[in-house]
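Same chain, two partners: chain A is paired with chain B first, then with chain C.
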Partner chain A sequence: MTTAEPTDAGTGEGRLSETIETVDTQRVALYVVLAGLIGFYLSPLWAGLTTAFKTQTGFVETTPVTPPTPAWFTLEPWELAFAAMQGGLINSAMFVVPATILSATLGSLAAYGLTKLSWRGQVGILVIFLAGVFLPYQSVLVPLRQFWSAVDLAGLLSFAPFLANRADLLELTITHTAYGIPICTILFRSYYKTLDDEMIEAAKIDGANAFGIYKRIVLPLSLPMFAVTLIYQFTQVWNDLLFALVLVTSRSNYVVTQSLNELQGSMAQEYNIQMAGAFIAALPTIIIYVIFGRQFAKGITGAS
Partner chain B sequence: MVFDMDRLLARVRRREKQLSRNDDSSDGDSVVTDGGTAKPERRGWLARLRHSDAIQAIPFWLPPALLMGWFVYGAVGWNLLISLTDWSGLGQPNYTNLTLEMYTQMPDDPSFWAAFRNTIVLLIAFTVVSLVIGLVLAILVDQNIRFENTFRTIYLLPMALSFVVTAIFWSWMYNPSTGTINVVLSAIGLDVLALNWIGDPRTRLAAIIFALTWQFSGYAMVVYLAGLRAIPDEHYEAAKVDGAGSLRMYWRVIVPQLSASTTSAAVVLMVFALKAFDFIFVMFGDNPGRSADILAVMMFRVAFSRTQWAYGAAIATVLFLMALAVVAPYLYMQYKRGDL
Partner chain C sequence: MAKLTLDGVTKRFDDGGDVIVAVDDVSIEIDDGEFLVLVGPSGCGKSTTLRMIAGLETISDGRIAIDGDVVNDVPAQQREIAMVFQSYALYPHMTVRENMRFGLEESTTLDTDTMNERVEETATMLEIDDLLERKPSELSGGQQQRVALGRAIVRDPAVFLMDEPLSNLDAKLRSGMRMELQRLQHDLGVTTVYVTHDQTEAMTMGDRIAILDDGELQQVATPLECYHRPKNLFVAGFIGEPSMNFFDVSLEDDRLVGSGFEYPLSSPIRSELAGDEKLVLGIRPEDIEVLDARETAHDFPVRVDVVEPMGNENNLLAGFRTDENDSQFNVTTDGMRRIEEGTHYIARFPESAIHVFDRESGVALHSREIDDEATLLESRI
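Here is the complex of A and B:
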């Protein structure tokens, strides 16, 4: 640790740096440590990125620390990985987006409903939702498989072959929506708790009913929170493998994490293709994270 | 959960004031009980009931609660039921003869004990190391540094990645001959430590914990950072006036005030540890060997690879109870403090 120098309080930002001469070396040391940590946190991504652009001989004969030289540079791993994962990417996009929107919407509605209850009732129902956040999914896997095979969604949808072929993805959508509701409700509720009552009271006096108030006042005010929950849920659902392993049976419905896992298994020694595949699968969440880092952080801390 | 006591109190006070002056829009509980008698001169009790907040709230929270309730509580109950049968293979479970047999055979199953032990080791080591690194990161980032946002974003980045992705990255990092870990160790003269980290059963679990810590310490940092920012600046000042050195100041004055952050981060990290299935599954398949098997992976292997459904369900129940043991005291504490 470098010395923490307390500073003028009021700014809230600064608690440091009463400018003393000795501070300079300490600041330098601080930045060196911080930069070293960046190296640590980015090293797996860096190793993956360099490897993904190298030929087979390239990544065997050089270390992952060094970028590819022109002699060993290739884009082929990306093309091969993309070809293998194309179907998975499309399937994931097809179910992740509806699952994300549905759980965020239902969470927002549930949280709004909760705010209208008395304190005691609110806490009681909230605990029911909260427990769902911490559930280890292993403890529902066997019944989940039983439930979906009993429902036989593909059979029910046999009148529409397109949907019937996609029944696995529909099951995933509903499943992820259901398990996403608890966290979305908690996030929205912690936000609605801080909203000012006055506007709602005013609308009530104007004779607006509960749905009217939700649509006209609460929903527009919820947009920042929708950003947080949508980003959180999208990342969670896109990244999940477990439910897909259990629910997706036909290969044509494999989601992106499944196709990446399969790619890894079938190309055990071709690390360049594996790394390219990993980046392709991670790209949507990385892009969202880079653009909406603040909302992402809010989502994961709100989840605690 | 981010909580704000003052705001909460203000809200409660406002609520009370409202109630006393305006009994028309009273709270749910009271409406239902005295709905038929109070103020009959304004509306009929039925209309009044229809306009009461509690009734109006039902269409909003009940459908999501039912959907979630079926998949969460219904499934947990069903899982418990299945664990009491002797179901295995292709058929359907027979619910007429329920016994505790699956649970009584656990103590005699050495692979269960191995997985149980590893789960506990993972849970504790991963949580403690992540918290310590997260705290150090948070304190470093809180030094009024430049580009704070960039640093924070990069430390938290692994959280946004799938376990599938990070497991593939780390398999490569740990590659015994060309992996970054061993390349770096050799470069700094630590050839002795250039082991086959994930190949050797003795280091496998440690290697997993290290990789998971890489992925989740950023989360602990974010929680601690929020906690640090909530400490009034005067406390830093006071410690300084007392002549405390910076390290001692943090240890004596600041860290004790972060206990709420520690608790909530620890609970979430422990639950993450119980869920660490995807990572191990991608790295090792459904059988990582005795040295790195955890209950979450064992459950999947027993149920979905060997189709011993009932035994898998029993292991899942154990996992559920472990999560409950972590979460229930935390929720109760939150409730007692009025933070829910």
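Here is the complex of A and C:
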């Protein structure tokens, strides 16, 4: 375009002025706004990251966004935070993984039953599931605590000391599974409604029973939706502090969010250790997202 | 291989207090090895009937029997039937081989080698043996259709059910598949119920046709019998393309008086009509002759409004010149003859080709003459 006129093409000035003319001012404005937004959203992350690599004097004497100079650079906060949170990480992994898989699997089964099988009273059950999605955590804290006190899981498991010691985590697993089933069911349900009914009927005529159809047809086709629910549930359960605060009583069972909370010093605020801890706590959810990312994209765009 | 019996089969749907009768007291006997086509306009209950045979819908009333055994309460899984769906309904995550083997795995106890053998045999028969390791998404529509068919054939069922299996194919492929399906069904000798809304498929494929309208069975007969001896107005209008022309007429003495024409009747036909006065005169487009001069009392002056040359024939839209209502009818003439649009001709309605129906009930009172009726209308099986 800029070389349309052969006489102008020779001179550099002519070319420059033409280039400037062709620049779309709207587009420039768009990029400026986008760059501003990127800066706005990334600045806390960046500030956290730089702080985590600074020594105590480093973060006191500089602004958070300044990168650490060699004089103040240290890996110590990461080491300290990791040491303090190690137990929490393991405890969290121990209950988050089963809770996530259980709620996704049970949600998928429930959704299959609510979409591809016909039986009386489906609507009523569906309404209960829907209501479950909108139940706020805070509203169930007291009954939840009372329920688990009444059940006394540790006492029931006294025959196996290892499990009894981990009763808090088992309670968390069951609670989060129960709390996750409604949203997983709704997600799977919307996906199963798009599955071809004739395909299910074809499998039926081919001789497969309800569970066979689920196992051999529906389940393999729901992998993208499993990625969505696994990522969603994992993030949700891993980041939860409220239920853990209410249900976990023994310090040895503290989960990662609790141990992160513990990093708050009582005298001096060690922001560098807290920041490093926050990143360590967030890392597993990022890893999960990377692992299931491709399937996740498929699941939310509805492609199968 | 089996005989399929539908006896007073009825399906009622409950629609918020209203009861909708989708299939109303349908009784058909389908012989072992017979190819029966269920045909009718959309919403006539043909698919519901098929789904009841398949076990995908419950039966509200009546009974369905395979070889004499009532299967009303037998679940779809155990009915020994195979079905080809309109959407093909292939399992997208399985290869062609796995798709075809699925039914064998679920319904038989054969070992893997035997299953593979049967899958390969069927695939060879359908000329899809080179596609066995592909996924359905890598196949064309026609190939998917063959896989769907193969999945049904490989199970060697007692009854085949097909729900508009050709409607997603393009026209050329469809006419090819029509012939191939007939050949396959003939070779396999499996009792088949085939649902379609396309009267051409019904006419060309079926040993017999069952015509449904509004849930009610209108006629079960060989294709040619439905064509030449329609039991009522609906069948007469539904079978045949372009469809039969109908004229509202009233019987006055020995003449049928319609808008713009009077049609004298000979005494044998007149006597069949008894006392009914409100009648419908029917005649197929190809039975109307186009002439240049009036010769008999069954010839009428007409103007030709539209000519559609098809090559082998011309489809004309014509009207009586003496008709004040300007109603039009179809005429089919030989393709070699040139007919001018907007020109006046004489149309002959031969008395041997007319049908007369009762206007109220739609029942056929008189059907056209056929020279060698026994040979023409004989069943093909």
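The definition used in the following text is that the second predicted complex is superposed on the first by the 250 of 304 C-alpha atoms of A that agree within 3 Å, B and C clash if a C-alpha of one lies under 4 Å from a C-alpha of the other, contacts with A are read in each partner's own complex, and residues count from 1 in each chain.
In this section, a residue touches a chain if its C-beta (ideal position, glycine included) is under 8 Å from a C-beta of that chain, and two chains touch if they have at least 3 such contacts.
The structure presented is a predicted model; accordingly, all values stated were derived computationally and were not measured.
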Residue contacts on chain A - larger count, chain B or chain C: B
First, second, both or neither for A:220, with chain B first and chain C second: second
Chain B versus chain C as contact partner of A:117, first or second or both or neither: first
Which superposed partner A:209 touches (first chain B, second chain C, both, neither): both
Touching partner for A:82 - first (chain B), second (chain C), both, neither: neither
Partner chain in contact with A:199 - chain B first, chain C second, else both or neither: second
Touched partner set for A:73, first chain B, second chain C, both or neither: neither
Those residues of chain A which chain B touches in one complex and chain C touches in the other: 201, 204, 209, 304
Complex contact set, residues of chain B against chain A: 1-2, 4, 7-8, 11-12, 14, 18, 25, 27-30, 53-54, 56-65, 67-76, 78-79, 82, 93, 136-137, 139-145, 149, 151-166, 168-173, 175, 178-180, 183-184, 214, 218-219, 222-223, 226, 229, 233-234, 236-237, 239-240, 245-247, 249-250, 264-265, 267-268, 271, 274-275, 277-278, 281-282, 285, 295-296, 299-300, 303-304, 309, 312-313, 315-317, 319-320, 322-323, 326-327, 331, 335, 340
Interfacial residue positions of chain C with respect to chain A in the complex: 54-56, 76-79, 81-83, 85-87, 89-93, 102-103, 106-107, 151, 155
Residues of chain A that touch chain C when the two form their complex: 196, 198-199, 201-209, 212, 216-217, 220-221, 304
Sites on chain A touched by chain B in the complex: 1-7, 9-10, 12-17, 30-31, 33-34, 37-38, 40-45, 47-48, 51, 59-60, 63-65, 106-107, 109-114, 116-121, 123, 125-132, 134-147, 175, 177-179, 181-182, 185-186, 190, 193-194, 197, 201, 204, 209-210, 214, 235, 238-242, 245-246, 257, 260-261, 264-265, 271, 274-275, 277-279, 281-282, 285-286, 288-290, 293, 296-297, 300-304
